[in-house]
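These notes open a run of structures that come right after.
Each of the two complexes below includes subunit A, the first together with subunit B, the second together with subunit C.
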Partner chain A sequence: MSQPSTMEAADRRFGWFMSAPGLALLLAVILFPVFWALFTSVHEFTLIAPNFDTFTGIENYAAALGDPAFRHSLGLTAFFVGAVVLIEFAIGFLVALMLNGVERFKPIYYGILLCPLLMNPVIVGLIWRMFLHPSLGIVNYLLTVAGFEPVNWLGSTKMAIWTIIMVDIWHQVSFMIVLLLAGLSSLPKEPYEAARVDGASVFQSFFFITLPLMMPVIIVTLLIRMIFAVKTYDLIYIMTRGGPGVATDLVSYAIYRTAFVSLNIGEASAMSAILLAVILIFTGYLYRYMRTLT
Partner chain B sequence: MASITLDKITKTYPNDVTAVNGVSLDIRDGEFMIFLGPSGCGKSTTLRMIAGLEAISSGDLLIGGRRVNEVDPADRDIAIVFQNYALYPHMTVARNLAFGLRLRHVEASEIQSRITRVAALLGIEPLLSRKPSQLSGGQRQRVALGRALVREPQAFLLDEPLSNLDATLRASMRTELIKLHNSLGTTIVHVTHDQVEAMTMGERICIMRDGDIVQVGAPMEVYRNPADTFVASFLATPPMNLLPGRIESDGDGLAAVVETCRLPIPAAYREAYASHAGKPVIVGLRPEDFQAVAVGGGRTAPVALHTITTEVLGPEVILVANFASPGGPEVHIRMPRDFRAKTGETVTLHFDLPEIQVFDPGTTRVLARPFLP
Partner chain C sequence: MLKQSLLGLALATALSTVAHAESVNILMEGVPDTEYVKTLLPEFTKETGIEVNLEVVNYAEMHTKLVPQLVAPKGSYSAIVVDFYWVGEFTKAGWLMPLDDRIKADGFDASVYVPKLMDLVGQVDGVTYMLPFYNYAMGLLYRTDLLADEANKAAYLEETGEELGPPKTWGEYLQQVKFFTKGDMHGVVNQGLRPDPIAMEWSNYLFANGGEYHDADWHSTLNTPAGVAALDQYKANVEEYGPLGAASFSFDEAFNVMAQGGAYSYITYNFFRAAIDDPSQSTVAGKVEIMPVPGQEPGVGASLNGAWGWAIPKSSPNPDAAWTFLKWVESHDIAKKRALQGGSPTRLDVFDDADVNAKYPYTGAMKDMLLTSHNFPVFTYTPQLVEVLGRELSLAVAGEASSADALAAVETEMNELAKKDGKLK
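Showing the complex of A and B:
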């Protein structure tokens, strides 16, 4: 009995030893900045007076949460996340269901689907900014050719957030499709045959077999996508800079503005901490859920 | 209740494997039909075509006289027990059983009473609230059987439904299925590898090989009159001994000669075997047709057996021996439980001549002969 446990301990020591360099690097580039930001968030630290002389406690947090602009950003981000995740899920599931029945040219479909996903968000933003240019963009050109009014995609306060949502869907929907398709193709085939003999229609098979069996994959996919959507920044920076006005001022971009336009690093750090807390809640839930699966 | 008719049915899978090759078979209304055959001979494929899960490449399938080639499985009113169970992994046992009934809008109270009845029959009441992943293989198999039974369909298709049960449970399930068939009178097609199931359960056995039906008939008929050497060597354990020999003239009669042993052919068979006189044949001798004591009137013939070993099974003893001479072909002979013989010992036993079967070595088919009681 003691033999294996000493061996286990030796194994564990060896494991720590081997992963120590990697862990140290992670500590330096991730954990250190996180703690530095948390430390900053409780001080009055601006780029005009970059020092930790004044400890302010929760003042930065109170200021951030009391700021209507930040609360607007939080609400807007929640709306944005809800919209992109739900629409991407709906489209993604539909396409995945259709592709799941396809045998021929499967690699080609996969290739096409993965293209947008492989693109850098900055490139995606630039491409779409050109496509959607009010007078020079191809989208409005095609609309006028087809006899429609041109649309002010990024310049109208009503339209801009929906434009960002659409571009994000274009960019990220493949992520949903690919994950859901992987889930669908790993479902067992036999229950479907049993259901056919039991008298289930295609829809009944979907609701009584596919959906329940897919639930773990669906939840994990939704959570991961939510976590990423909350952090959306690049698209906003490239396409609208949060504008017009504050119409597309998502949290990440608001933090950037507070830090590098208003030069108020302390308050920006507090905002980041709030965002981090929200993401941590999602992640913690995701982690717990994944553990119940195994 | 329904009859099932297969008319020249062929199944070719997309990868050009012809799993079933022009099979014709009439399964009567209310019949208990056994499909028996080696692994990969197309039993499951045939069953799946009857269920409608596999498209029929050519030929006609009739259920209750109606052509159903294109009819959806749901509308054929048959229940199937899959070889791999195919339970719904996310539903409890009770919901697995109820699923088909709910889809068919059976009343809740009726569903409940059927589940209770079937669960009691199969001994799965304590499992009703579990998921399939929490069951053993044999328990899953019983749930799969239960899911078919609650449906009360026109016909049951059972693909090796007892294969994963222990010997005792298998024996009792066998009896339960027979009783069930007697009381319901539903058509049953039952696929099995098990000799005992094949012999005891079915009204008829359909023996398949390489996508063809080799022989169809009542168990005893197939056992006593195998159509060819394949059936002879497949049915019953130990199977029929198939020995290379000749048919020779023996005075005014015939004899089957194996090595140095002459087995006189009963007068009633002479006409049937006359055409093969002087030619090589395969002589088939069932292990159970040897006895220690000669019977008068030329009914038996003595055979010298050179013991290799004996297998004491309890109810009986299997004598493994060289036939006729120490270098002769190996035979298995079934003897009463008190039989003993030492290795190397020569035993003389008496073969019951009317039970002899003779096969053509070229076609492997039996030389048809009259049936002596």
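Showing the complex of A and C:
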């Protein structure tokens, strides 16, 4: 009995030995910046005086949370993330289900779908800013040709955030499609065959087989997309700079401004830590929920 | 064999010396003035033997690229260009090398620069840290063809009782904006995107109403009748007399509206004067002129000044070579060659040069703009002020704050920043 366990221990040691360099590198590039940011967040560290001479404790955190603009950005980001993730999921799942049944020209559909995802967000922002120019853009031109009034896409406080949501959906929905399609392709065929024999309808198959089996994939997809959506910065920088007013002032852009305009790296780090805590709590909740499902 | 080896060694040494000829590295923004400098660099290398490597990036990348190099004991940039936004920050942090000793030792004449530019991107508290590179003061672009139109002249006379011509005062300009707003034509196009497009453009409105950012003690003076009037006028221009969406326009989008003949006027950076005459991007080439933003009285200018300066960082690996380059690029001959390509001068002797005036007849108007211009507050926290100002102006234009409330918020934050910087006691 001792022979296999000795071998197992040796295998485990060898495994750790082989993984150690990669793990060390991973820790260095992920944990070091996180700890550096946390350390900075409790000091008065600015780009004008980049040193750790003054320990400030929770002052930077209190300043961030006491700032109505930051709280507004957090709330707006929650709305933005909720909207883009849910809408992209709805569209993405629908398209993935449709594509899952397609047999011919699949690579062509994949190619077309992946095009927006391959584009740099800066380019996406510039292109859409051009398309949505109120008087010279093609979108309003087509609307007026069709007999509609031109829309103030980015200049209206009510419309601007929805415009950003729309552009983000255009850019990112294929990410949802690809992940969900991968999940759908890997589902076992037997439950569907059994359901068909039992006379289940398409909707019954979807709600009682596809949806439960897909749940872990769906949660991971939503989680990844949510984390990416929280970090949305490029589109805001290119398209609105947080305006008009503060209508599109998402939290990542607010943190960027605090760090590189106000040069206050300490407070920006505190803001990032607050954001990290919120994301971790949400991720932890979804992860636990996923574990209960599996 | 030994001889051959020694000869080879000598040749290799000579070649490596050539390969390691001195070079000057400069980080610059991708703008036309940088291109004009680039075309002249072979002359500098021929004269001095010093190679020049320009790293050209867009504006958004410049600050984040510069700061790590400036903080380091020895950076990789021999010389840099500094926007007036950063002057307070860079000098307060002690990142720039004072140039006075070099200027004195080499007899470089810094008195040829427009004094307002030396105040903005030349000297700080009496110490010269930069040589003004190019200016981007703002001016009023207006349609000369619309002013010359007989039907317009008659209608304007009937409506206002005044002759139609380039506006002599701010009040007359606002009247013309209203007059020219008919059908698809707009009296004005604004650049309402936050933070800098709106903050910079609105500054002209503030100065035109006789307002200023602060008093002699750095107390903010924005929430005043002049400031409120300026913001009310700005809102009216965006909402009533401008095209749809101007509240979100950056300068390129606003310029496109002007260049496609959609507006009578546009208060913008002086470099658009040359661009509007380019038929490849403008349908109104030859029909637009530039003038200083008019003030309360005829002859009083209200243009906002703006400029970049050359500087040598303390972290420069080779400050002597960098100074050799600065002296050359800012010499009269090279500054004139840049201006003849379309560059925006900073030296009075280039503004007055006959060849430059012959090629660009609006050079005189550009000079007037600078001489009567107003500077934006330059202190350590200029970028934050622009950010706060942009946010509050944008809120006011969006109708989410009254002009007085928005300006009161800017005043409070500006006073805090000035206190933090030691300007306001």
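Criterion: the second predicted complex is superposed on the first by the 242 of 294 C-alpha atoms of A that agree within 3 Å, B and C clash if a C-alpha of one lies under 4 Å from a C-alpha of the other, contacts with A are read in each partner's own complex, and residues count from 1 in each chain.
Keep in mind that, in the parts below, a contact is a pair of C-beta atoms (placed from the backbone, for glycine too) under 8 Å apart; a residue touches a chain by one contact, two chains touch by 3 or more.
Nothing here was measured: the structure is a model prediction, and the numbers come from that model.
Look at subunit A after the overlay: subunit B and subunit C fit there side by side. When the two complexes are overlaid on their common chain A, residue A:Ala247 makes contact with subunit C while staying clear of subunit B.
By the document's definition of touching, of the two partners only subunit B reaches A:Gln204; subunit C does not. Once chain A of one complex is fitted onto chain A of the other, the partner contacts of A:Asp53 are absent, as it touches neither subunit B nor subunit C.
Residue contacts after overlaying the shared chain place A:Pro134 against subunit C, while subunit B stays out of touching range. Legend: residue contacts after superposition of the two complexes on their common chain; A:Glu193 is shown touching subunit B, with no touch to subunit C.
Residue contacts after overlaying the shared chain place A:Pro212 against subunit B, while subunit C stays out of touching range. Greater residue coverage of subunit A by touch, when subunit B is weighed against subunit C, goes to C. The superposed model places subunit B and subunit C at 150 degrees from each other around the C-alpha centre of subunit A, with the value given to the nearest 10.
With chain A used as the common frame, the shortest Cα distance separating subunit B from subunit C works out to 52 Å. Overlaid on A, the two complexes show subunit B and subunit C touching no common residue of subunit A.
Interface residues of subunit A, counted against subunit C in their complex, comprise 47-50, 69, 129, 133-136, 150, 152-157, 160, 237, 240-247, 257, 260-263.
Taken in their complex, subunit B has these residues touching subunit A: 51-53, 72-74, 78-80, 82, 84-90, 99-100, 103-104, 147, 151. Every residue of subunit C that touches subunit A in the complex is listed here, in rising order: 60, 63-64, 67, 71, 89, 92-93, 192-195, 243-249, 253, 256-257, 260, 262, 380-381, 383-384, 387, 390-391, 394-395, 397-401.
Every residue of subunit A that touches subunit B in the complex is listed here, in rising order: 188, 190-191, 193-201, 204, 208-209, 212-213.
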